[in-house]
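Quick heads-up: structures coming right below.
Same chain, two partners: chain A is paired with chain B first, then with chain C.
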Partner chain A sequence: MEIFLLQAGNGLIIGSVYALVALGLNIIWSITDIPDFAQGSFYVIAAYVAYFAVTLAGVPFLVALVLGMCVGAIMSFSCEKFLYRRWRERTFRLAARTQLLCAIALFFLFANVANALWTSKAKIFPAYLKGSLLGFSYMRINVLLAAIILFLVVYVFINKTKPGKAIRAASMDLGMAQVLGINIDTVNSIVFIMGGALSGAAAVLVSPLYSVFPTMGDLPLLKALVVVILGGFGSVAGILICGVGLGVLEALGAIYISSAYQHGYSFVILLLMLLLRPKGLFGRV
Partner chain B sequence: MMLEIENINAGYGEIQIVTDVSMNIDNNEIVALVGSNGAGKSTIIKAISGMLPVSSGSIIFEGKHIENTIAHKIITNGIALVPEGRRVFPYMTVLENLELGAYIENDQKTVQENMEWVFGLFPILDERKTQLAGTFSGGEQQMLTIGRALMSKPKFLMMDEPSLGLAPVIVDEVFKIVEVLHNEGVTILLVEQNVRKSLEIANRGYVLEHGRIVLEGESKNLVEDEKVKKAYLGM
Partner chain C sequence: MLSVNRIALGIILIFLLLIPHIASSYVVYVAVLAILFSMLTASYDLLTGYAGPLSFCHAAFYGFGAYTSALLTLKTGMSFWLALPISGIAVFLFGVVVGYPALRLRGHYFAVTTFFFGHFMYLVFLNARDLTRGPLGLGGIPPPDSIFGIDFSSLTANYYLILIFGILMVGFLYALVNSGYGRLIVSIRENEDLAEAVGVNTAFVKVMAFSISAGLAGITGSLFAHFFRLLHPTTFAWMTSEMIVVMALVGGIGTLVGPIIGAGVVTFILEMMRFAPELRFIIWAILLIAILIIEPRGLAGIFARIRGGI
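The block that comes next holds the complex of A and B.
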């Protein structure tokens, strides 16, 4: 029983990381119609920047976290503004296809840049906090707490503020939103900033638990894509439930079935979901 | 003159839909733009609202050139659209839909005043303001779409097929609202397939065929026109 709870708790924590990345992906996806693979690379770069800020400059972890979020946000914002936007303006209906290819290219590009600059050797992110509660280190518990806070912030922003409502409107009917005076360029900038900041936050939060290496973004990105699809491109709350749910199932699968297939369970669940309920758990379509 | 359209050409990419169309709309007029399916009525609306570029010609609203203006700027001139197919935001409440209609208005007091005005016109929206728009019936959604367009207190309202797909009782209601708005001083461009009803309430009308204006004039004269009678009124 104890091992069950411990493992479920760990699943909850890693699941909240998937959920954070998925939340950003979901919001961007709802506006642009593409899964923005490039978020996986902002995740990696943000982790490295936070790592160097802590080890070289000796900044406190919280500052490194904010720094990582800023790096993710700026990179994400720039990629949309200077790359994706060009195709949106020039190719109209083909834009989504071109943007998707560009996103995949960026994903590989940044992973290789990280590899070239900092080698593939994993860097150990120093622990910023000692001690534990009920077998969970404070650092792990902080991941969950930070995720909950970020989800609340995004939830309030999307549902209660004017720009948030504009984003929701644009996600349902882009053309109609424009006619009502909503600037689509601004909407895109906001969602990419949010996405990048969330990817950066997820990366920095998880770094002290594992380590920092060039391909560290691959699995969280893929799992986040699964979460978005399981959630059915639905609500903020749906993403959180699916994210932690997936993390827990994966962690339990690792002890009760086999840890060798740990990363496969998500995709088995994805296939089952697509077969049995293609619109996702909280789907609207 | 409120709106002057001079010799516009517009279409989708290589395909030209509208050819050399000229129209005028005076202050506080109801002007009907009629024609069969595919004649290019919606294309004209899209060109005015900035959703489609015009390849030549000009659109002048209150003395200002607005052709090829980016879509989200058009509404700031006092132009609002009731789009074809209603296009409410289905997963948002009635209240949120209406708030978005006043997106460009930053003064909360004005938003509240406009909301009172819309609720006065459509009491059903007031009664059901927390309901999701997607759960409304077609007729209710049409009321919401009109209400949303009115939230920016427009001088000029374009209505694209407002009666399409609605039950006859609701159609009557929609046309009644058009008259009420006209009495409140709103200038209206009414695009309709329901030629008889729209010419009944409009001051003037334009008949569009294959992307060209083939007839124009006072509604009462158009109704008497032999060609209109034969082609659109089934007489």
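The block that comes next holds the complex of A and C.
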């Protein structure tokens, strides 16, 4: 029973990381129709920047977290502004393909830049907090807390502010939103900044628990894509529930079924869900 | 106009036929890789270029074919000439089983599902150690048995074998997409609802396109297994699937010729950059983005522009 609770708790924590990345991906995807693979590499770069800020400059963890979020946001913003935006005016199918291809290329690019600059050797992120509660270190609990705070911020931003309203309008009907005077360039910039910041935050939060290495972004990216589909695009709460649920199922599957296939369960869940409920668990906005 | 194409095709063919006689064995290995990737992208083009759905799991079928063929020859002592068609058919049937549920999904749903299917298959190759020997790699695969008095222990003979299969496969795909059935496939890409409304059994046609594409990838996998004689799960990981998509899109999908050229160009670019293994994928990604900025339709679009098309 103790193992069960411990493993479920760990799943909860890793699931909240998936959910953070997925939230950014989901907002970007629902507005621009780009499954932005590149977020997986912003995740890596943000983690490295935070690592160097902590080890070389000795800044406190919270500053490193903000720094990582800024790095993710700036990279994400620039990629949209200088690359994805360029193809938006093309016919739909061509635009969709080109943007997807570009996202994959960017993912390759930054992951390999990290590999070339800092080698594939994993770097140990120094612990910033000691002690534990009920078998979970404070650092793990912080991941969950930070994820909840970020989700609340995004929820309030999307639902209670004016730019949030513009984002919701654009995700429902892009053409109509433009007709009504919403500047779609600004909306795109905002969603990409949010996405990048969320990926960066997820990366920096998880780094002290594991370590920092060039391929660290692969699995969170894959899982986040599953979560986006499971959540059925749109609903912020749905993403959180699906992300955390996936994390817990995976963690439990690892001890009760087989740990070798731990990263395959998401596929089985995804396939079952798509067959039974192709609209996603929580439907569209 | 057509004659220009034919002359270009002829030159490329003669060049391919001459490679083992004029180039070092290293170049022959690279050429084999290029041909295998051309076969993969050409078969991939049948599904994504002609039928429409963007798929990210081609390497999974490639790997399934490779392991099937290798295990058949290793465990049962079957001849390569029997194992090759059997692995092709096995992967085709596997494609039906996977494609039938998956193709009910549309657009990004389908794309992401195939993405995960690819990853799932990689995990199977990695973890089914009794069969695939997992991360140790499956070695000792026999070369193709001699047939009609041709001995396939030499590199040159193997090269020609793969070249012939490549030409046969491209010829088959060319005939297929230009047949009436090919037009049915294209009708789905252009407007699936309309095609269904005028009486096309779209579900069947799509599953067929998916499975044939998978089966051809399986045959390519079998050729791969018996040429390199060593299989490792990472060869069939999601990176390879991505690579196939990228090669096909760089060449320009829906043209059959485009993906083949794309596969050749990308393989040679990646090989040329072997001198700097760390920078390889960086240079490659930058090149890819540059191509997208210059012409999002890929190389086929650049050629069309040079020749005064749109």
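Criterion: the second predicted complex is superposed on the first by the 279 of 285 C-alpha atoms of A that agree within 3 Å, B and C clash if a C-alpha of one lies under 4 Å from a C-alpha of the other, contacts with A are read in each partner's own complex, and residues count from 1 in each chain.
Criterion: contacts are C-beta pairs under 8 Å (C-beta built on N, C-alpha and C of every residue); 3 or more make two chains touch, one makes a residue touch a chain.
Source: prediction; values computed, not measured.
When the two structures are aligned on the shared chain, A:226 is found in touch with chain C, with no touch to chain B. Of the two partner chains, neither chain B nor chain C is touched by A:19. Judged by the touch definition given at the top, the superposed model places A:147 against neither chain B nor chain C. When both complexes are overlaid on chain A, the residue A:105 reaches chain C alone and has no touch with chain B.
One of chain B and chain C touches more residues of chain A, and that partner is C. In the superposition on chain A, A:165 makes contact with chain B only, while chain C stays out of contact range. In the superposition on chain A, the residues of chain A contacted by chain B and by chain C do not overlap at all.
By the touch criterion stated above, chain B contacts chain A in their complex at residues 49-51, 71-76, 81, 83, 87, 89-92, 96, 99-101, 103-104, 148, 152. Within the complex formed with chain C, the chain A residues making contact are 29, 33, 35, 83, 86-87, 90, 94-95, 97-98, 100-102, 104-106, 108-109, 112-113, 115-116, 222, 225-226, 228-229, 258, 260-261, 263-264, 266-268, 270-271, 274-275, 278. On the chain A side of its complex with chain B, the touching residues are 162, 165-166, 168-169, 172-173, 175-184, 284. Residues 54, 101-102, 104-105, 108-109, 111-113, 115-117, 119-120, 123-124, 126-127, 242, 245-246, 249, 278-282, 284-286, 288-289, 292-293, 296-297 of chain C are the ones touching chain A in the complex.
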